[in-house]
């Protein structure tokens, strides 16, 4: 039984708390949050205690630290937890500054620490099925990958201002997915983008609609399309073209009800947002983390996966600024 | 090149005229209609001549007579054409009176005449594909068949009054389809029905909504559901369950456009009615008839198929009246 | 917090146990089973105790008794629990003998007891969405209902022998669903059926494939199609035709992955069987029971719902035996 | 009645011939081809005469010249027909050399000639429905367009050698479609591409798999994905994202038959290739041309549309060569 301290009792923290508590091999011991009431409410719901970060890290009974606090605390908290000898589960991104991320990755390496980054979409059963089918050779060799990712509506402008921009904040999930499915690092990144959905996004210097092309040394390629706003809901689709065919995963819808009337044949919209769409993936992600700590399989996505997804986001930002494709040399 | 006389220049007659004229091995020579203007317009469009029925039948150059006039003229015109030595293509039903139909079937037998009945749905490429897949054994032995057939809206009450009732007029297509797909005669028929869509239909003693169950001696069964009105359009679907799986054919829609908005994911409705839905089937039906006359394959659906579909319709009428299942003895 | 004694630690019992334990307002106190090991394993998993039925019913701290033991124990255990003043959740069917069921219903009435019957499919989010849309008038007045229900494969012959036959054992869910959606009692039942999937089923005098037609006094009708075996998996679909359109709920599939290759465009099969297909419905059903006990809404499906579904099953059995439709007079 | 001379009796020529002959307001008078037998066979089928180009152009009774000969003859034949005062329907592309195309466009302007270019996909009923819905504002303002176009398999290498390369030969249809749907000229083009499907394509210096990003001055953008080979057949899909939703058009499939077995739920593949997929579009295209000549609507796609699609293809070629996005200044 793994004993867990959770730092950050917000939306994502609450999901992790329930999954930790319901898992047969983990228990939630401490909840920490800068808002004491949030920590208290969440701790009570699952029979845990409220604790400060320092106390939680100091308790030798704690095996795992889960970090779902504000982005700018991820790197420091991860380092403190690693130095305290804990296994770390950190929400993405580790940091918005690539150098800061690298320090963290370096510490994991030095300490031979255990750190997993929350790219939960890899654990979505549909996307996982797609990758499994691809790896099994069902459609031969991959040639072109398409990832379509749109949020149902932009987050508050105050959030967007400190988000690091759409590529670092939102597309980062798609960059991770692209790396995972391509099975090979992209060496060339080109971005086309604009602010089309909301003028206030342009005012803070950000974009909301984008096409990013990636190409690997083998010639294989990927394209990501993103938008901060899809009127019909959370658009999360992947399509893979291989030498022997195509794989694709459509949106997961609210129900299978279809209404046919004089106005047309109306199916349901995609599940509204990530809490609904990816509820399974968070649960499976946690089970995967526990399995990795028990040595049943490798621990991924790693801190280095977090770093590499951010490198792609940085390249997209640079491409947009310079108007040129950016070449990458991975070492 | 087969020379054709067409009797009846109405909606269906116009479809046949175009298919006759466009086929590389048939030409439209005469058009006859009780309304001279209709005959004239249609004849002119395809470079044919207007003629009376007698003159057309008397012309030895005429090989084929196509009968798409009013239902109560089908049997007599078929017989006259058969006696004149012509090949006959007759729209369904041959007659609403089963005894009258039997006289016609008997004449075909005596004269070894060539007569095809217009059960055009057998030639719909989707239904034909379903049957071909079934016959090929793709889903093993047939166990249960479902046929769903709904019109977009009831025809004028004046038409319905002389239609012979829903089972003889509309469901007859489904009875033919059931026989064709079952590959075995039903020996038991039970009908559940009501008039639900329009009180004037009840007033003329007819029904507009029905469930008909059929069962063969082998135990295999079929269910037909019908309605005179489907708000979303012309509903024409078939589903087959076999020992190794299911085959189904969905509606053919107006276009593949799908609109996803805040109101849902809206696909297009089924093609509006039989002229749109079955335009391919009429063309292929004609080509099949020509092929049969050239000896390339058997001539079906035959006059006897017309008779047998009507026997099932009669049984459904009787079941509804008596409240009991009707047993059939085929000879 | 409701304290629960669970009787029957088999497949369904295990599902209920997890839902009881995970619900924030119920806790699993006792597990009883005629196989002590089964009770022990399940009790341990959720921190409950093993107890005999008598002891469990005698404990005044127990609020709810959940009965998921063998069918022939349902009625007696329900009665004992009711007499002990407990709220009862009983798996369907209450009994295979309609008179025995009526005794139970009578006791509920006399004692003003609280008893819910496990027609879990009403709580499937897709079917619930369909009914909600129908009640909201989205497709006008109901005219014809279709329920398609096929198991992936027949249960062991030893089970089937004591099952009461397909109509009482399997179709009973569909009879309940028909009553729930029709919103009006069927007054006429006709069954067409055969044993087609497995000769051993015929040998025990049962059927495995059926079409059942139902009609209400208003003329509205329903058709149920059933099979004990669908090669492609668990087939669970509902379609409603109303004056303004159609509602339908398709199968819930294993994943949204679609593979397009030279062999065709391959989607995933339906979720395998009821444990997978209806896992949500069991959870929501339990939450609904708790809500009803708290007075938030009515307690349904009731023992009387259990009785009435069985009356329809009896009528189908009689129709099959006599070859006639069966008329029902509800009081 | 428009009298037509057809030059080029190959695959596309044969389609045009049938549409010309079946149209009520056009008739096929002459067929010319460098292979006399091909001309003879096609002329005979539709009751036309074989003629040389010079004779056909010299006949004052000829109203329209349809050019479906080899690409390198398009420009010269168009010019000769325009100078002879004929209306011209020319297959795409007008020429592979942009300067040669411009000469042709200039001649149309000087002579106020009538010339339409065969971008038939604009007349596909599904794509036309999508554009109509977009123009009607169903999904608000366009933000991002996706065009997916894959051939079922590469054409013979001898054809590819003289094709002008994938962008000029195949993607040109998608560039025209992008311009038509965007309703605004792209000002920036970036291409990512490789030869992945067949090494012989790399050997002749061509590509077979590509992602092309386009952006307009307004910021609106489009992405085209192409492949010379899709194992599952001819992939032709369009998706539009607007401020109020998404429109998309899926592939048109061979039939609506779906087989569900133990191996999965198998739908039919897309119609095999352009002859099958776009048969309606060729027919509607011809009707549109006749309508334009009768003054019922404007004549488009024009020679200038042909020029502009080629400009985009040139830009994609340049982007691929230089590794940079190409900026375009339209005058």
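We just call them A, B, C and D in the order they show up, numbering each chain from 1.
Keep this in mind: contacts are C-beta pairs under 8 Å (C-beta built on N, C-alpha and C of every residue); 3 or more make two chains touch, one makes a residue touch a chain.
It should be emphasised that the depicted structure is a prediction, and the values quoted were computed from it without experimental measurement.
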- Item | Chain located farthest away, centre of subunit D as origin (C-alpha) | C
- Query: Which pair, B-C or B-D, has more C-beta contacts?
  - Reply: B-C
- If you average the CA atoms of subunit C and of subunit D, how far apart do the two points sit, in angstrom? 57
- Query: Roughly how far is subunit B from subunit D, going centre to centre by Cα mean, in whole Å?
  - Reply: 40
- For subunit B, jot down the residues that touch at least 2 other chains. 139, 231-232, 244-246, 260-262, 268
- Task: May I ask you to sort the chain touch graph into line, ring, star, complete or other?
- Result: complete
- Query: Along subunit C, where are the residues that touch subunit A in the complex?
  - Reply: 22, 24, 45, 125-126, 129-130, 133, 138-139, 244-252, 255-262
- Item | Residues of subunit B defined as touching subunit C within the complex | 139-141, 143-144, 146, 150, 188, 190, 192-197, 209, 211, 213-215, 219-221, 223, 225, 227, 229-232, 235, 241, 243-246, 323-325
- What residues on subunit C touch subunit D, complex-wise? 231-232, 253, 260-269
